[in-house]
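Structure first, then comments.
Chain naming follows the written order as A, B, C, D, E, F, G and H, and within any one chain the residues start at number 1.
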Amino acid sequence: MSRPVVGIIMGSQSDLPIMKEAAEFLDELKIPFELTIVSAHRTPQRMVEYSVQARKRGLKVIIAGAGGAAHLPGMIASMTSLPIIGVPIKSSNSIDGWDSVLSILQMPAGVPVATVALNGAKNAGILAAQILGSSNKVIARKLDKYKLGLKRKVEQSDRNIARKGWKMAV
Amino acid sequence: MSRPVVGIIMGSQSDLPIMKEAAEFLDELKIPFELTIVSAHRTPQRMVEYSVQARKRGLKVIIAGAGGAAHLPGMIASMTSLPIIGVPIKSSNSIDGWDSVLSILQMPAGVPVATVALNGAKNAGILAAQILGSSNKVIARKLDKYKLGLKRKVEQSDRNIARKGWKMAV
Amino acid sequence: MSRPVVGIIMGSQSDLPIMKEAAEFLDELKIPFELTIVSAHRTPQRMVEYSVQARKRGLKVIIAGAGGAAHLPGMIASMTSLPIIGVPIKSSNSIDGWDSVLSILQMPAGVPVATVALNGAKNAGILAAQILGSSNKVIARKLDKYKLGLKRKVEQSDRNIARKGWKMAV
Amino acid sequence: MSRPVVGIIMGSQSDLPIMKEAAEFLDELKIPFELTIVSAHRTPQRMVEYSVQARKRGLKVIIAGAGGAAHLPGMIASMTSLPIIGVPIKSSNSIDGWDSVLSILQMPAGVPVATVALNGAKNAGILAAQILGSSNKVIARKLDKYKLGLKRKVEQSDRNIARKGWKMAV
Amino acid sequence: MSRPVVGIIMGSQSDLPIMKEAAEFLDELKIPFELTIVSAHRTPQRMVEYSVQARKRGLKVIIAGAGGAAHLPGMIASMTSLPIIGVPIKSSNSIDGWDSVLSILQMPAGVPVATVALNGAKNAGILAAQILGSSNKVIARKLDKYKLGLKRKVEQSDRNIARKGWKMAV
Amino acid sequence: MSRPVVGIIMGSQSDLPIMKEAAEFLDELKIPFELTIVSAHRTPQRMVEYSVQARKRGLKVIIAGAGGAAHLPGMIASMTSLPIIGVPIKSSNSIDGWDSVLSILQMPAGVPVATVALNGAKNAGILAAQILGSSNKVIARKLDKYKLGLKRKVEQSDRNIARKGWKMAV
Amino acid sequence: MSRPVVGIIMGSQSDLPIMKEAAEFLDELKIPFELTIVSAHRTPQRMVEYSVQARKRGLKVIIAGAGGAAHLPGMIASMTSLPIIGVPIKSSNSIDGWDSVLSILQMPAGVPVATVALNGAKNAGILAAQILGSSNKVIARKLDKYKLGLKRKVEQSDRNIARKGWKMAV
Amino acid sequence: MSRPVVGIIMGSQSDLPIMKEAAEFLDELKIPFELTIVSAHRTPQRMVEYSVQARKRGLKVIIAGAGGAAHLPGMIASMTSLPIIGVPIKSSNSIDGWDSVLSILQMPAGVPVATVALNGAKNAGILAAQILGSSNKVIARKLDKYKLGLKRKVEQSDRNIARKGWKMAV
């Protein structure tokens, strides 16, 4: 299992500080992925090729991040029947992130994009793993273990507060 | 393949007119599913059981619809590592749907919900099929065929306008 | 001057009741135009061809209308250097039109879309004429005459109120 | 009166700088309380136990703080008939706090959450005291005294301005 | 227990169709209440008297409903230390209810209002009962029974769908 | 006192059903006013003349109503130092009235517009009277009497509810 | 003319850095004013007295600034028929200022508040002067002179750019 | 071709850091332009003259930037039939830019403004060039070349990531 099964794409290198969280999660779970720059507005032909060939090339899920009038996730979704995860990014001239959220979420009937929270690239990585884990027991077990870790951290910080007292734990 | 692989849940029977579109799409693609009422706020224990047993019972994807302060999709996601698709519903006392959208979309890091458009239950059905189709060629082919149908309808309405003239096609 | 110089496109025939107002204005000014259905999400290849060939086919301006996560105007703009006018449409499941407005208006640096008001197809027609009239005196004169007509109507309704009295003019 | 009668819970230790204001107010009024980390999304079982046992353990009011898609207050409210006070927290990736506010405030009929202002943990502490003071004269008197203190501070700053002159009081 | 312990107030008789749901719930639980018209903007003196005398007159909770620039709940809260429940009402010229919600919810530190959902008068009634039930076992038991009823209704509608099939249950 | 002292203007006859409420209030108080159609966008020259001559013609206050990108109140304010009252109108293609409100309210430093509520033409009429009444005792007395009437109506509807019982008063 | 004719009030000394701009403008025009702290929520009785005695004490206009759930301007307006100017203040826990704006602007029919832009205290000062200047020629002349000054500054910065060139004028 | 064909105007010198991006783009393409300060609210007469004489003076497109209640683009559009491009500017007291966007975008039927993204002055420059390039082959070729440059930059950053690896490219 070394050929990439998840494709992570974004419109600009400036989105990488957000989008790398998806990569890091997949890395942690040892799920092979690729990471590329594809811009809906600046390299539309490249975007067409990427989406048309995605399934043939072995990809099973695509994570696409974009900000402002964010067309990348939806356009990729229009050209492949793979599940597409959209990450709205709060870019510099965004109107508080509303533009990114709405232009990814509000896709018309027929062409869904699985949208996650604003800047929620980590959740996009987890969701991609869940999609793969839906029919792959090894990944499913890793996800259950990750979930256990989330729980442990809460319990730990609770013990921390109990020990120190809330006044000192701030 | 007759045991349900998709679970469609919603908080109230009044959500059915929206949520049935997910069921209809899965029906059309002959993907076995179940449809149940589970309320986060009125039957929390039932919700816990539903999510905890979902994977064991053979479900591979869960579609959860909810309106207002919509907690069902996120809470289900907190108790299973299956992919959860959230459908924000514009219910009667909703503030224009913003409450449903934000309380499903804005999940914290660690617990994603694949959110679709407001009232976008049809897209939830398609997305569930895409998730299954990610590792199932039969479903993938059906989805490609569906995509072709979307294209045909556009071409047909375009011919329609060309024939009638735009003034008569309104 | 009979080959179309303005292209009016929209994602669905259901947008025609709004978009026809652009057509009617161009008709009134005897500016030759074409009207077609092109969907970013359902006919992406057709959209690519339309935009790539637009200038060669003699078009000078393109008016594109779309609702929800409205990608048509921006995607057309990514593939031609003709001026693109975007009409945000308040479609049925739109969140009060905000999704259409933001996903057309908030284009990234490098790829502008000339956005008009929500459902403002008439203004899109006028703006297209203004763009042509920028270097065409005949059209410029027609636009000045149209402007005069707007003024006349205000004066007339003012005389109307003066004559009837405001109580009767409601 | 030393067994906790108010429970203060929050999803993460990072909420403590906001939520401690509730604790401080109860401390000031010598109302016994407990403070714990309970996460709806990371420790759902713990949340179930907390809410189910709350009344038996002697709690009379619960204050729950959460950010983003904030499900903690509403889920606690679904499993106990104690009054629940919800504090929307403006967390780092929140969309200006709207997500927290709406996912706590807009609870469906049958399951109320007493919502206070964004980051309004101090008011949550006061409201908890008011609820207890509704049938407890000692607490009621303390609250009236606190109200008097608010008035005094306004009068003092007014005298301050009168003495210094407004130009110097900025 | 026949002297009113809950006061239900609203700015105008036109708010009664919404606010009566609070009254109906209290009626159902046999909790004595009074219902009066008090307007912050049209009868400010009356509002002052109402709030100042509320505790003396035996009230333990006040439910105040208002729309638009809704000042009634917050002003009452400024003049009594009883718990005040605010019901934002979506009145005719309201901007989608946002004005009512924000002008009730966003109270400054020191003066809380327990805000419920837009038009959520029923939840205001339930919350008032929860506040009383916090130190009254009879009311607490009634609330638990009510909660059980909510659960039963969900189970019933689920059986209903199971019996009829989802296609017929819409 | 028969020369108009208040000018009521609006961009279109279609605004009259809203704006007439300002006229009716002034009529009731016997304050002489004029009512005219002046459009910022369709009759800019007329607007310039109206504002430049307003003070000379004896006007003391101007009420200007407009919808959408509402420029009339602010432009009038830029050309006279009379107090200008702006009425945001929720016109047909308005985005829920937000456009009208913000384009009237958010004037830059140096050029204020006294903005009233969305569709609040009656309040514009009252505010105009208050401005005149600021230095005119006859008008001030009429306003105090009007205020008394508001109070009376509340008391009457309260008696109405007391008599009928709240169940019958809905 | 040395008795104050304008009252400037605000809920807290922390509002002074914004509200002093109103005072500075009145100072500049030599219009006598007073500046006081009056809080709707912390000193309601003081607020009642202030508004009831305002006209008798010689005030002709009141400027009231407030943030969050801003009730001061509207409550003052409910108890006097003087013109009230409301200044929405973007305080620290405000939701981007929307709460202040809506809870001042959206007053019910019968009780207007002349609302200016968010943090627009300078415009409140100018508007107060315009209201006085409506029937006072000396003030009117000063306002016309101020208007001329605004124009001069624009012309000056334009000459500045012309001289330096736009590249150097940034 | 040295007489200005594009006019860039803005209400204040403080808008220049945003608006200069339009100038820089036109400079780069060697399209002659002029840049001036014209304020709708502070120099209305100057604005009237500017718009009335624009076409006679040889201008073919006007770019107008403004913030807050932004009236400049729409008012210019009301007095000339040249195409007007509006740039909403997020000024200091703007409510997150919404005021600027809506007061430029939502123009009434009859008077369009070609609106670009918030602070999108660069896109305004490009759009102006596209309008000229609509009937000017030299400019059209330059625009196509610019588009190629956008593509190149994406490809370059993609190679950059491929070479360094995504972990190092952040």
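Note that in this section a contact is a pair of C-beta atoms (placed from the backbone, for glycine too) under 8 Å apart; a residue touches a chain by one contact, two chains touch by 3 or more.
What you see is a predicted model; the values in this text were computed from it and never measured.
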List every chain that touches both chain E and chain H. F, G
Common contacts of chain E and chain F? G
When the contact pairs of C-F are compared by residue number, which of C-H, D-E or E-F has over half in common? E-F
Counting only Cα atoms for the centres, state how far chain D is from chain H in Å. 48
Please report how many Å separate the Cα centroid of chain E from that of chain G, as a whole number. 35
Rounded to a whole Å, what is the gap between the Cα centroids of chain C and chain D? 51
Could you say which residues in chain A touch two or more other chains, in rising order? 11, 41-42, 68-69, 93, 95-96, 98, 101, 105-108, 110-111, 113, 117-118, 120, 150
Which two-chain combinations qualify as touching? A-B, A-C, A-D, A-H, B-C, B-D, B-E, C-F, C-H, D-E, D-G, E-F, E-G, F-G, F-H, G-H
Interface with chain D, chain A side, in the complex: residues 96-98, 101, 117-120, 150-151, 153-155, 157-158, 160-161, 166-167, 169-170
The answer for chain F against chain C in the complex is residues 11-13, 16-17, 20, 23, 35-39, 41-43, 46, 68-69, 93, 95-96
Which chain E residues qualify as touching chain G in the complex? 11, 40-42, 44-45, 48, 67-71, 74-75, 77-79, 91, 93-95, 98-99, 102-108, 110-111, 113
Touching chain G in the complex, chain F uses residues 55, 60-61, 81-83, 85, 101, 105-118, 120, 122-124, 126-127, 130-136, 140, 143-144, 146-147, 150
